[in-house]
Amino acid sequence: MDSCETHIHEECGVFGIYAANPFHVGDTVYYGLYALQHRGQESCGITVSNNGRFTTHKDLGLVSEVFTPERLASLGEGTMAVGHVRYGTTGNSGRENAQPIVVSHFTGNLATVHNGNLTNAAELRRELEGRGSIFHTTSDTEIISYVLTQERLETYTAEDAVLRAMNRLRGAYSLILMLEDKLIAVKDKNGFRPLCYGRNRHGDYIIASESCALSSVSAELIRELEPGEVVVFDRDGVHSIKDNCGKAPEAMCIFEYIYFSRPDSLIYGNSIHHARLRAGRFLAKDYPVDADIVIGVPDSGTDGAIGYSQESGIPYDIGLIKNKYIGRTFISPGQKSRETGVRIKLNAVRETVEGKRVVLVDDSIVRSTTIARTVAILREAGATQVHVRITAPPFLNPCYYGVDIDSRENLIACKYSVPEICNLIGADTLGYLGIEHLPELPGDSGRTYCTACFTGDYKTRIPEETKRDMFEESV
Amino acid sequence: MDSCETHIHEECGVFGIYAANPFHVGDTVYYGLYALQHRGQESCGITVSNNGRFTTHKDLGLVSEVFTPERLASLGEGTMAVGHVRYGTTGNSGRENAQPIVVSHFTGNLATVHNGNLTNAAELRRELEGRGSIFHTTSDTEIISYVLTQERLETYTAEDAVLRAMNRLRGAYSLILMLEDKLIAVKDKNGFRPLCYGRNRHGDYIIASESCALSSVSAELIRELEPGEVVVFDRDGVHSIKDNCGKAPEAMCIFEYIYFSRPDSLIYGNSIHHARLRAGRFLAKDYPVDADIVIGVPDSGTDGAIGYSQESGIPYDIGLIKNKYIGRTFISPGQKSRETGVRIKLNAVRETVEGKRVVLVDDSIVRSTTIARTVAILREAGATQVHVRITAPPFLNPCYYGVDIDSRENLIACKYSVPEICNLIGADTLGYLGIEHLPELPGDSGRTYCTACFTGDYKTRIPEETKRDMFEESV
Amino acid sequence: MDSCETHIHEECGVFGIYAANPFHVGDTVYYGLYALQHRGQESCGITVSNNGRFTTHKDLGLVSEVFTPERLASLGEGTMAVGHVRYGTTGNSGRENAQPIVVSHFTGNLATVHNGNLTNAAELRRELEGRGSIFHTTSDTEIISYVLTQERLETYTAEDAVLRAMNRLRGAYSLILMLEDKLIAVKDKNGFRPLCYGRNRHGDYIIASESCALSSVSAELIRELEPGEVVVFDRDGVHSIKDNCGKAPEAMCIFEYIYFSRPDSLIYGNSIHHARLRAGRFLAKDYPVDADIVIGVPDSGTDGAIGYSQESGIPYDIGLIKNKYIGRTFISPGQKSRETGVRIKLNAVRETVEGKRVVLVDDSIVRSTTIARTVAILREAGATQVHVRITAPPFLNPCYYGVDIDSRENLIACKYSVPEICNLIGADTLGYLGIEHLPELPGDSGRTYCTACFTGDYKTRIPEETKRDMFEESV
Amino acid sequence: MDSCETHIHEECGVFGIYAANPFHVGDTVYYGLYALQHRGQESCGITVSNNGRFTTHKDLGLVSEVFTPERLASLGEGTMAVGHVRYGTTGNSGRENAQPIVVSHFTGNLATVHNGNLTNAAELRRELEGRGSIFHTTSDTEIISYVLTQERLETYTAEDAVLRAMNRLRGAYSLILMLEDKLIAVKDKNGFRPLCYGRNRHGDYIIASESCALSSVSAELIRELEPGEVVVFDRDGVHSIKDNCGKAPEAMCIFEYIYFSRPDSLIYGNSIHHARLRAGRFLAKDYPVDADIVIGVPDSGTDGAIGYSQESGIPYDIGLIKNKYIGRTFISPGQKSRETGVRIKLNAVRETVEGKRVVLVDDSIVRSTTIARTVAILREAGATQVHVRITAPPFLNPCYYGVDIDSRENLIACKYSVPEICNLIGADTLGYLGIEHLPELPGDSGRTYCTACFTGDYKTRIPEETKRDMFEESV
């Protein structure tokens, strides 16, 4: 799947550290955010706490662009820090919406990083504004900060405030809250988005959206948070509060397995890489074909292609090369250009595909333009047949939990049948992963997953106004 | 192979277009250089000719950084253009050494782009300075410009000047020369570096270091230039001058197949991807092992790993994930950091390797630090055995033809035997590609290759002063 | 007075336009802010309203740095806009504190620009936080936005909300509020800071801190707002609300006449340039001296020097040249430098001062370092006598109304007598403007002025905590 | 005179230091170039010599933009350095033409900075190219480097090479040459451009285009170089070579006194400020008028206005305020703008001019647009009469010696008589400085000046091709 063209985006990654001793904790967050960069490329930020004094830097851009050595050093030493990477809609408000959101209040400073999407954001905002609250941003994170602060005024402990706030917040939220003397990790009651924690050999606790970020900073994964769980990191160590656990249907996003998370991450102990191999295997069983070679669309179709090859016995090979230098500042070819965009990003390995019947594996089809061009490139390079296999079912529904799927009128699967799509993209055959296989992808048992974008089966009530406004309310 | 740590660098990529009609030819060069970015990331530049009036922009940085939409548009329309990407040593002189080198002279303007390294640079420079020439840069390209200009004063045609200049220039040079009314592509008599040309459906001729750059701009490859060949592109079409062909032993760099070129490129019609598969297969035959899984170091070891898997029957899988966001501005962890660098760039897929006997394929070992850390990461992730297979022989000698191999005191193979290296890097077994297989990698017959870095068999005389000064004279 | 060394800073300039028809109103604000750049060089911003949709750009830097042609154009067309230039303390929070402060609320969007300083900021903030408000910035402007929004929830009209808010806000505030359908200009009840409005030939209304900004956009000054006045610009034209006028002692800042405002501005119809000429004349009368030449410290002492010359009959000449290229990015000479800073910024015209008895006029002395070096430069250039005349009385007290005067321990006049200072700065004689002349400077009658920084006579009650915290609460 | 509109530009400033001991000599050059910034704002550069190893940084932009603290520090320690500020024509070649021009050669490295313009540049270039020389830039400085290098091959000493080169170079050139072990200052035989040297209390020698740059780094002026003089600074101290003195008519540019040089500079011991006062006085004598006030166009008309006031007895006052923040990045109002440009740059002080008969002094009229708008602003501000006095004669001829005067078709004085111009600019009366006063401006005797731009009296032969090509050959 080509992130520039398909309009499906994970919307955030969060990272936090509670250190045993003061040091340049911002450096650790920097490397952690680096490992989470695939979860958001628009903006990023880090807040470091030095004895309750917060220093923040955040801006539009990649982690390596926003944080120069000087900027990173200027965050100083501290014992706690939180960081965030964000994908978001473009526009003037971009910089304002960068996280962490830091607010000051006499109950103490609060820095919040958030991955997810509230389904009752409009409702909460209207209620807060009615009490005189003013908003600087359009992000859910500011709403969360308000609710937490208001609850803080009513309670003895920050932990109680968090538990009460969770009863007001609906939808998806994986949060790390930095207070003056503790970090609090929070996962919503349905557990839509991943959030895990671990520890390094220095005794520092690390919290992150994905376990690959723990590995990148040499920390060992302890475990994934449970839905509704609150984990507190402070002078007394780590302790879990499960008062809000088991209060709502479990609903981890299945698309984390299919596309968002890095292959080297684990969610609830399940390997993302293995989930993708399994998806490829299911496709091989359900849509067998007499072919010479299996190739993947790099990078996201590679795992599925290997799985397809393993199951089918058809050899895996590299049939497409991706230009790894195409970044944010790349100038895409215009309409009048002599070059078509897809050749620049992807090129066929002629020797691999020439005269061959090719199975092409990708992870999803959104608008179909990219996959159609990819099929065409393979044919120009001499492929005699191209059989497309997709490691996800067709997208048919919007996501209200933090994924920016394209609008329904752009989703090809909302407008055409599978045979029609096959024809439109110029493939010989086309097979999507069957919905029945989704629960089997992670390889565990007992967990349930949110598959609403494929099935329409939402685990929470979605207010009508959220359905209308969803394009505006995303974090 | 990790380019940051191993100190082996290709030193340039060249690209040119001779268009049938004027248009924004700079755009085509932009996309072509993009496809060649792997050949040089330090600086880049484009010169466009509009009826003999040259407009140049060049600077330090990646193609996408140096050329903003405004900068690219400011090159204007034209019928010819040349471009260059360059790897080079750091320092103040960097920007000055960026190419194209454009000189003005009453015989006409000349823009030169060059890939390679002259072995008699010091000699030529001394001779030129003795006649009053002054140099602004330390690059061979300025020497070439001088020699060409001097010969131009002595001859009737530019073509004759080029042929005469070739008799004075020794070593490796693949050149594109842009004169006011023609483009001239030149390959040195030994043919050390690749250079090919093709044509698009508009009738524009494209010249490039690698055929993948032709593909990226939707041009069809016509053919690779022969050693010593001069190809002229002008109003009368394209014509080849072979007066200097067959005058020296043929010596295409074998390391272009092993590492430098992109897998989707062809050299003399031979697939780079297939050459690497073959290397993996030779390793499987020569160094068989009882293992559970074959993995490659991304991205350069992937092709070899697939070849090893195909030959050995041991399943191929993805065992290491590379962070694709690590770029020029990334802050590498310092000595005092809690994180080790390699984890940030590479992470193991624990589920793939845990409890497994792993064959790890990479393309070369220079200092051994990176491969040692990679082996360690795999062991930490639970691999029970790690068998390292390298798709090249050990590096033992310097290259005088345009490749920046590390100094001999840093080359691990100059100091230790293979069993010692195996021990140093913590592998269970270690196998390097046998020298005898090098000629077989490309898969053709009749061509001979330069393998001097592995064998010490140089195809040209190397002046003593070049041996001493090589670190300074590289382009 | 040298702004880099003397630590007296005006803290803001505001500008607004209510246009008869939509056009690129941001352009007009750009030129207006340019004219007000002397009032703040740290950050600036513009918000344009297009039918109630607000577009904002603000950042650290000068107007010409923050607004590139692309940025300015991206603000789009509109019928209203407000802008701000700001001086502020350095630090991470700088960018967040840039104005306009834009808040969204169901009662309508609100963009606020503010010049001044609240004396009850801490009190208000504590009260607001107690009701659950959270703050993103440390600026008074966010407090003002909250108070306005809360009052808006309690009243039928925005105008009533403003009048009620004014009863809660204490201290100095000249505001322009942009609502979705109107602009409202507000001056605090004491009228500490200037704020005037006018109209151009297109019928657009312009509001600005100083009349020079009206001239710069070819608008005619209509008049200065009265203390406590609220002026509303909307579809029905302009109307004034004077309910809050006459409720507090009038107290326009006298230092606006002496230093802050541009010489071509008028306040209450009084020429700033003439006020400074008058100051020079008073000095000539009160501190006559037998001298050959009168010179001013450029640029701020020039007017006073001409006044001194006019009254005394001693010829005016140019004796010091200021380097006009010294800007924000200039690297000041360090301690170990061979050069002293003041020579780089100022140089004597030797031919003017050599062998002469010189009267040197400047507008203030803060720490005395700069004036001491200036005297030394004149002596090195051959001046036989240097008689320093200052067009203000000695600074003895802090300002709580929006001027950042240095701390008392740095104010030379708090530590030494006038003869001692004369000795310290190496002058032959030293004369400060007498306090009794302050009311006469503007040249009007009936108005009263705030002279607290010289006299300690504050026109409002200053809470104890404000006295302690003033360094933190400045806008 | 407003540099943006009048198209008269000095083209360079040079600065050099020969230090007694190694230190960060680049810092001294930085401050020196700062003081010379008025001589060129397009590009700048510094080369530092550390025992003959040269480190250069140069780029487009102001001194404070090009040299960040990091960049300046990276030049390192040394005992010699040269620097340059340059005005030049815009275009792609800008950066290449930035100076110092550094060339490497076996006779030794050479860094050259140059102020002036060769009249035989085309001739020399053709001759050099005929011998095989190639040019990277279009600047005279590269020609000078070639000629020097060629002569160096023919002579025993660098000094002899310089003397011989001077016989080949025609026109204006004030040079500082940095060799590996000495600095050589050179002034052309006519002495068109200023060049002086001095010494600081550490014993470092300083060479600069203007004495104000010596003052800025606390060095004492020793003296101006004589026409044709060569001054060598090396281990043995300083020694002068006058072999080429007295070989051509002396011809210091009179416009250095009128406009280019800073008022605090001296040329041949003559004060620039005094020359301008004298110009004002001559105007008062030759064009007396019954008026109330004399004002100058800031900043360049100020000195002349004071002179006019002194002679006429009409009071001097400040009638126009210039916005000092208008810099390189300022967005000038377009045609469709509601604002006219001149108001933004200049504003009238209404209280000064209202109801007054005003004498307005400026230093030159090129196209007349700016002065016409300035007159209009004064009338709008209530001036009853405006009498324009210009401290230079009308421009009628091109300059071949390094000044970029507008083309003849744009020079208003080439197309209209003085009464016609008076009418065009809306003045009541108009008086230009009489040509007969030019020799009297500097206040010395015995020196002769180049006044060719006013009189057409060129002191050297101008080749026909130079007359044609002058727009291309400027430094």
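The letters A, B, C and D name the chains in turn, as written, and every chain counts its residues from 1.
Keep in mind that, in the parts below, contacts are C-beta pairs under 8 Å (C-beta built on N, C-alpha and C of every residue); 3 or more make two chains touch, one makes a residue touch a chain.
Just so you know, these numbers come straight off a predicted model, no measurement behind them.
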> Which chain's centre, taken as the mean of its Cα atoms, is farthest from the centre of subunit B?
Replying inline: C
>> Could you work out how far the Cα centre of subunit B sits from that of subunit D, in whole Å?
In response: 48
> Where the centres are mean C-alpha positions, what is the separation of subunit A from subunit D, in Å?
Replying inline: 60
> For subunit C, which residues are shared contacts with two or more other chains?
Replying inline: none
> Among the chains present, which pairs are found to touch?
Replying inline: A-B, A-C, B-D, C-D
> Can you name the residues of subunit B that touch subunit A in the complex?
Replying inline: 23, 27-28, 30-31, 34-35, 37-38, 62-65, 67-69, 72, 200, 202, 204, 212, 215-218, 262-264, 266, 271, 273-274, 299, 302-303, 306, 310, 315-318, 321, 323-327, 329-331, 333, 337-340, 343-344, 347-352
> What does subunit C use to touch subunit A in their complex?
Replying inline: 55-57, 74, 92, 101-107, 110, 126, 129-136, 138, 145-146, 149-150, 153
